[in-house]
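Multiple structures follow.
Consider the two complexes below, in which chain A is the common component and chain B and chain C are the respective partners.
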Partner chain A sequence: MGRIATLIASALAISIGLIVLVGLLTGSTLAGLTGLVLQIAVITAAMTVLIGVLNLLILHLRRIFGRERGIIYSITLVVSFLLVIALYVLDQPDARRVVLEDVAVSIESTLSALLVFALVYGAYRLMRRRVTWAAVLFTAIVLITLLGAVPLSQLALLEQLRAWILAVPASAGARGLLLGIALAAIIAGMRVLIGQERAVRE
Partner chain B sequence: MDSTTRVLTILIILFAFAAVAIAIQFVRRRREAFPLIASDAYTAMPQVVGAGIESGRPVLIAHNGDALGGTNTPFALIAAEMTYQIAYRAAVGGVAPVMAISESTVLPLAYGTLTRAHKARNRLAGFISPDHVHWAPAGNRSMAFAALLTGMLRTHNAAGAVFTGNYGSELALPLWSATRQRVPTIAATHNIEGQAIAFALADHAMLGDEFSLSGAYLGSDSTALGGVVAASILRIAVIVGLLIPTLYIVGDEVTGGAISRLLAGLFGGGS
Partner chain C sequence: MTLDQIGLIAGFVCTLLIFSYLLGDNFLYRLAIYAFAGITAGYVTVVTVESVILPWIRGTFGSGDPIGLVVGAVPLVLGVLLLLKSVNRYQRAGNIALAVLIGVGAAVGLVGAISGTLLPVMRDTVETLRPGDNAESNIALVNGFIIIGGVMCTLVYFGRIARRGPDGAPQRPRLFGRFISTLGQGFVVIALGALYGGAILTGLTILSERLAFIFLTIGGG
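This part shows the complex of A and B:
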């Protein structure tokens, strides 16, 4: 029974994948069918949000009632969840804005500011762990890029060097990495289409 | 999509299709003919899982950004394969990995992957629990997800952390937190900015397309290795495709247009 279910799942994944691919590439009569399949995908994605909300609530309520580690985070989450729902039901847009935007954005901005320290610590740790050519190059480029952004006439040379690094080696390296990443995505897609991806064949 | 782009896309897909299909058949027959280059991160991964088993602590797998059903679906599947390999190893010790995901569509995939890994080890009994997969609805707030991970590292007393998916500079936050808590980290993001952060802050960073090779490095599956061989073939094709026009332009400039005239003589050309 399990084997048959796997075969049906594989056949469905391969056929739907091929229909969408052909429909998108050729724009033929399959385009209508492609649109239908994509609509089903959107509805399924919406359903998973509901599943996600249930998962989240079950998880944190279990933690609260089980008095597990991190219970304070779970209480905060459940209270925030109920508060947002209550604000929607009571139609309080100003209060909703405070909870959803003002609080969240302020906290995120604070965390973003912390990133600078994390990066500086990263550069320090990289050199302390092991001094390699790659680590030295990385730190040197970081320093040149940071100093080159300082608007001082004495650092004009560094500014030019920074601009060259960003335009030539950094740009070339990034494009090379992007090509590799794109190839990885193509191969993963192809493996689905020939039924060799684990999520499809098991 | 204009007709030229469409034709080129079809050609690339057909070439990739042929490369994958043929490479998998070759690898199935002669697996030992395709040795893999040593990878620091993939060597460390079983060690991190092993340390978790010995200490009875879970490995945290945090997957950010890539959803099923969108253009990033292949990346979600790649991350699922890495999750499978970690969970398959962790299942021996009975401590399943804890997953944090930011996209709701990945929930079924995450549960399915963990279930398959435990089933393959005959350790499914008593495993299925909502505790193993945490959905953190961060939306486009990547910083919120990063902040959540710093908390999860401590709450779950993680033995190690693996970061997969689409992380930008916010990856620095959980990596920094993990370093302070002495939790070994492996970063496998496909975002270039995230890869740079990972290089500086993670214990083991996967650069370029290394994140997509978990099946080949950690699994015994020939099809995954076939995918690596196919990717190498495609990479060579891309290099050749870039070199030919470069050589043509440079050569034409050096020879004063001799190459253009030669090609026009061979294949004909408009007047």
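This part shows the complex of A and C:
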């Protein structure tokens, strides 16, 4: 029974993948069907998001009703979730704006600001753990990128060096990374379409 | 007190709660993080229902067309199958919904990788060898060769770390291959270093904005 279900899942993934691929590449014969399949996939993906949120809520409600450790955090999460839903249901656009822009965006941007400390500490740890040529090059490039951004006339040479590094070697590395990612995505896609991907088979 | 003033105070308090992490992981920081998770989950739910699911239901079930009803039910059935993945007995039924997502994702990813990344990046990289007829064209041409060489070395480096022998260990290339691969690693390190530096600069900009917000709010500006 399990084997049949696996076979059906594999056949479904391959056939749907091929329909979408042909539809997107040719754009004519299967365009309508491809559009419908894509819409169904988008709605299904939206359902997975809702299932994820539901799972989060169940987890925290269990913690609240089970009076487990960290109950105050779970209450905060559930209350803030219900607050956003309530403001939407009661149609309060101004209050919604306050919650989303003033609270959520404040927290988000402050977390991004905290990232500076983590990044600087990470670079420091890199040089402390093991000094390799790659670590030295990495730290040198980080320093040039940072110092080159300082608008001082004494650092004009560093500014030019930074501009050249960003435009030439860093650009070459980034292009290589992008091409590598694209090639890996193509291989992964092909593996699914020929039924070799383990995620579909199991 | 107006709604804007409440928002200002709430934003100020939340900023301080998050900055309290600089003193170490603490109760106030965690409280703000959990509130943020709840707000984000609520916002994601609202946007998903309002912008994706409701228009679909209105367009299919609301049409009254029998075919529309069947088509409209398909993602809902797939959603139920996904829910069944959490039930041990019916776990495999959820694979059908996952198969649809993986099949569509693979095809879209394949087309996107070819037409959205592979071809444009290759075209753009080759274009660096056509600098034009201005005075700095020779320098631009040298830079173009460095870029092309860098891209090739980077791909060789990826090929080297991906190639493995029968025992699973990375295969050791010959001297020339090792040299090219090391050059490629250098280009990757430079790219990542530049990105890292850029991330620190962006973080510093946001940090200064947050600090300015705190001082302005305290000063009543």
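Heads up, the rule we're going with is that the second predicted complex is superposed on the first by the 201 of 202 C-alpha atoms of A that agree within 3 Å, B and C clash if a C-alpha of one lies under 4 Å from a C-alpha of the other, contacts with A are read in each partner's own complex, and residues count from 1 in each chain.
Here is the rule we use: a residue touches a chain if its C-beta (ideal position, glycine included) is under 8 Å from a C-beta of that chain, and two chains touch if they have at least 3 such contacts.
Predicted model, so just to flag it, every value in this text is computed and none were measured.
When the two complexes are overlaid on their common chain A, residue A:L18 makes contact with chain C while staying clear of chain B.
Of the two partner chains placed by superposition, chain B and chain C are both touched by A:L119.
In the superposed pair of complexes, A:A188 makes contact with chain B and with chain C alike.
In the superposition on chain A, A:L155 makes contact with neither chain B nor chain C. Touch criterion not met for A:I64: it reaches neither chain B nor chain C. Of the two partners chain B and chain C, more chain A residues are in touch with C.
By the touch criterion defined above, A:L33 reaches neither chain B nor chain C. In the superposed model, A:A167 makes contact with chain C only, not with chain B. When both complexes are overlaid on chain A, the residue A:L179 reaches chain B and chain C alike. Residue contacts after overlaying the shared chain place A:Q196 against chain B, while chain C stays out of touching range. Taken together, the two structures place residues 21, 25, 41-42, 44-45, 48-49, 51, 53, 55-56, 73, 104, 107-108, 111-112, 114-115, 117, 119, 123, 134, 138, 174, 176-181, 183, 185-186, 188-190, 192-193, 197, 199 of chain A in contact with chain B in one case and with chain C in the other.
The touching residues of chain A, counted against chain C in their complex, run 2, 5-6, 8-10, 12-21, 24-25, 36-51, 53, 55-57, 72-74, 76-85, 88, 94-95, 97-117, 119-120, 123, 134, 137-146, 149, 164-183, 185-186, 188-190, 192-193, 197, 199-200.
Those residues of chain B lying in contact with chain A across their complex are 1, 6, 9-10, 12-13, 16-17, 20-21, 24, 67-69, 73-75, 77-78, 80-81, 84, 104-105, 107-109, 112-113, 116, 130-131, 133-135, 137, 141, 143-144, 146-147, 151, 154-155, 157, 169-170, 172-173, 175-176, 179, 190, 192, 195, 197, 199-201, 207-209, 211-212, 215, 221, 223, 226-227, 230-231, 234-235, 238.
Residues 3-4, 6-8, 10-12, 14-15, 18-19, 21-22, 30-46, 48-50, 52-53, 56, 71, 74-76, 78-79, 82-83, 86, 92-93, 95-114, 117-118, 121-122, 124-125, 143, 146-155, 157-158, 184-204, 206-207, 209-210, 213 of chain C touch chain A in their complex. Every residue of chain A that touches chain B in the complex is listed here, in rising order: 21, 25-26, 41-42, 44-45, 48-49, 51-53, 55-56, 58-59, 62, 69-70, 73, 104, 107-108, 111-112, 114-115, 117-119, 121-123, 125-126, 134, 138, 174, 176-181, 183-194, 196-199, 202.
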